[in-house]
């Protein structure tokens, strides 16, 4: 972000992980339990089935930027100590490039890398994102009643049919009730079965997280390089294992004609300009139009699997690799709060940008003389 | 970009359009014909069939930053005057919100907008992107032999099957030979037929641009928020009418298991570490691995159509709208050079970042003493 | 700036100069005459005496970002064509490094440079700064009645004594009435005499511009790296020929003790917290406190002089150089509007940042429950 | 910085202070003792005389970004725990605005502030700057033999005369040998006497830190807004208590004529283009020219004094304030390593920018064909 600026730090096996948030609005109530709730969501939804069994408790501490329970506007430091101190035996790993991991590319880029725990590529880096996202989420809720809700809409070949989830009614509770974060019970069972099956054979599967934004203020985003969908795409494609991003109709929209795809405008009973359909996914010309924003993110099957794989070592010997400890067979359930966090960070940054530029002058006051094309929204 | 910084300016019916490039490497030969070639590519591929018949000639001038045919390292100003001076009669347009255009959202954001020619949302803004991209493309070619080649891989329901285009052999000439920028003659014909059909009924269709990067240097991108695929996604989702982005296996990868999706490493006959498959699409852990980078971008059917549509005016009257002048029935062919330009801008910026950070010290010189995990690439 | 982002372009002998402003608040009346007034101020104050006799008329055109006399919020392109087309005979110059110019350092940095007209180092680049500053100045005036007034407080050894100018009463008209932009008539005459003397012998002199900000909103700036005085220092030290920056007491303050330097607080008759003295210069802890902000900028004697100088050529021959055309004997009068422009650009950016971060939530609404340390300002 | 990005965090009485460095070159040896040496310099030079007696030991820990003693290129987290846990009794302070502190302006900006320990305005925030600066300093030394040396050139009215310190011979050891960091023994004694005198009466004094850069690579900085002196000015004016910045001749240069001020070029015995004088202070046209860079920074007398002062409380009562605990009577000695740290951070960032832009293509290789104005440096 440019205004709400987040830096994450830490590695899986260093002293801890966390983030620094610079530019947070002052005078907002904020406490560790606010963050802990989201951090816990990131850890759960697993029950020995879908995710790794690390014993990290992820207990966060706010070390600066909050006084007497209120944000001061100065940098907020959130720190989550690593509790699992034992040094894993990564000797084997240290020389072998795990297929489709970042081991080889880190060496290509930096000429050196932290071997323990995957360094920055570790999923544990996302703790800082979720903590910062929790702050953003709270601000959005309080300021404009904006809610960001993600859910598993696909796990491997189990796909919730289009239209089965009513975005206007969906709540986060409905999602969190489900172990795999699927709000449709019938499909939840199928997803869990798919995960169990692949887990049994030491393999992994991917899927799709759908994320919606309800009550998104109109006017967020900008017209050219920093379109709202471009910022969202960048944020979501920065999550480990993501392979694709759709806004609104996405790739399916390429099979429609313009007359099918265009969203007709109408005036609703409250006098607001709305669209009858939402192929645009809540964004037109790079700017939010007040409809529900709908995104989908593809996650590949996680790269660490329990089966033998062909690979090479750092010194270019060809070897076979078989992972010792068992990771997530499916990352999708745990990706949900990370997707929500990244979306929240983008939105709060855009909201601040919009407020700074377009609300600097009160909208009613600065158009005293008639101008030719006044806004009537 | 952060190092190769581009600002575009101008509107469809202002004095002209163009860009300022700040941070360009000095001492590179650059002349107007270098840019003109790409600007002409942006205008062609239409032949009265696929794109609008504006009579703009798009003749560019370099107004600063180049002396005696060589870049000076200071800001490069590229200006393309608008030749079509006649003021269109946009009276009707000025009060009507065209469905799925940016008219309404501009008013929502700014409370005012330039009505003529679509303002910044005009496709003409992309002239500046293509001009800047031409500079980036030239640098990439000269520095590392890197080539960026885009092509139409889908128009409406005409889809080139996976595997039919060999990315290792594809050349830009093969693509440019085709009016719709499809390198497979059989599918080119089908695409043109689809465009003709929809054109006849005053409707529009979308499609997909696939873009590959050949000879991409290893090590570009960074591990966390600024992953290479995240930067590419942002750049490509900022192109008007784009609705989705895939890297490598994309959404199709969600149907595979980890053992199918992982790309096994091997050592090729030149002693380079390579992958046997390329589901990763040339990027692992946010960093390029030297394989061909493969992206796909979805473009929706363009919103301006010749058929009657329901909409509202600025003052909230419900009306019917029928566009007078005929726009592109399909944006895909003309989107190809814009996609290539945006990819080039991201790459050259990443290359400079990589050079500034990781090549500051010569790689052979700074590892005099043995360290535990040297790079062996 | 981060919010109000300005890029300048152009060179002394290219097609023209100007700027692109991105992030300008929308719905503000803006026209070419608004800008022209400041551009004319930049050219005047010379009368054959203090500055060069270039025949550039500096007529600006707004090419985008304004519609029907109102800013649209999208990038504003301001272009000032160069009218003096004749190519100067810079052959001599092209091989000789002029002492204390940027000729040598450009070659050191870029390995190449534009010889004609001094390239980016030309004072003509400041046209874009003044044009952008005029937009900023207008916004500040309208939003908060903030005025930025600069004046010549020293020319060579003619120094207006401390305390002689009452900052609370000073107006821009008083300054502009003077050819050398000195508001104290007695000293104005001495300054003009000093300029005439040095002009007669083909030499040059420097001086000091003092700049004040009246009615600066409280709370601008930030506590650590981006202190308001740090941003102002950067902006002002980026003006060609500036050699030093003072805020408030500046270097003179180093001769005081803490008890002399501290500014005692009091409550004024309007119930506002004020300071009795203003050694701080209107900024405390990096943040504006509502008092008049007082800065001083040192300008060296301009490097182009009519006397013989020892120097070297690009190919390392030692030669004597004598400038042919006569430049400014003193840059101070013409620097005044440039100083004001740079200060305006910093302030409007800080104002937008402050609004985006700290006014996102209405100040009265977000402190419903009592907190321990409420703001009482 | 843009390339070498530093975020500091923490407050005087929170859990700790420190910084995150993003973008550090990889494969550099780095260990805690490297940083500790600079952190210790920040704490010493006081001996009960010049600075506060806080019992913080400032023991730093590197928590990420370094593996096996080598930087990995990923974010480096440096953490310095606060050891002094006892909560000071700041009750009195919490309602009183200390004159010339940031108490009032923080409330003006944020509407709330951390009362304990001065929040972000605390001098303890500079621990993070010094730690990050130590990393930068090490890189500069290793890459180009660049040394950054600061010293106390003035304490109150004790001023080392111009020319008494030979910048070409000065070493950091000579400076550190002195308690007040003054390399001229005669003046060191006078400075200490001045500090003792003011300390006895509970008052404070200011002074000047001069900082030089030896072996600065040529070509650093850029021509317009981001001139090297502008970046240095911003960095140094962001240090608490700084009130002015001079480069080269500074304000004294305003009393010279152009013929006195211009630095004649010559070719030295090694065939390098040099200047005979150095009024420019090592920077011309915003770009370093290879001569010694000379800066001076003014520090006001510190605001916390032991004498009674008039002030107001948050709720606008006028009161008298007398500080309980004794702070630094003079900040100058302790400011020296902070000045050096800020200069180092600017330089390493500029070096990386220069390398990324101007050394992307090898300088010998890219000028194969003769061009009109080749670099001869």
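Letters are used for the chains, namely A, B, C and D, taken in the order the chains are written, and counting of residues starts over at 1 for each.
The definition used in the following text is that contacts are C-beta pairs under 8 Å (C-beta built on N, C-alpha and C of every residue); 3 or more make two chains touch, one makes a residue touch a chain.
Just so you know, these numbers come straight off a predicted model, no measurement behind them.
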item: Neighbouring chains shared between subunit A and subunit B, ordered by label; value: C, D
item: Separate pieces, if any, that appear once subunit B is removed in thought; value: one piece
item: Farthest chain relative to subunit D (centres taken as mean CA coordinates); value: B
item: Computed distance of Cα centres, subunit D from subunit B, in Å; value: 44
item: Whole-Å gap separating subunit B and subunit C, where each centre is the average of the chain's CA atoms; value: 39
item: Centre-of-Cα separation between subunit D and subunit C, whole angstrom; value: 25
item: Set of subunit B residues in contact with two or more other chains; value: 8, 26-27, 67, 70, 73-75, 106, 109-113, 115, 119-120, 223-224, 358, 363, 367, 371, 373
item: Partner subunit C, residues of subunit D touching it in the complex; value: 8, 94, 97, 99-113, 115, 119-121, 125, 154, 156-157, 198, 203-208, 218-221, 223-227, 229-238, 240, 242-251, 253-267, 271, 273, 275-276, 279-281, 283-290, 298-305, 307, 309-312, 314-316, 318, 354, 358, 363, 367, 371, 373-377
item: Subunit C residues touching subunit B - in the complex, by the definition given at the top; value: 7-11, 14-16, 20, 22, 26-27, 61, 63-65, 67, 70-75, 77, 79, 106, 109-116, 119-120
item: Touching residues (chain side subunit C, partner subunit A) in the complex; value: 2-3, 23-28, 67-70, 73-75, 139, 142-143, 223-224, 351-353, 355-361, 363, 366-367, 371-373
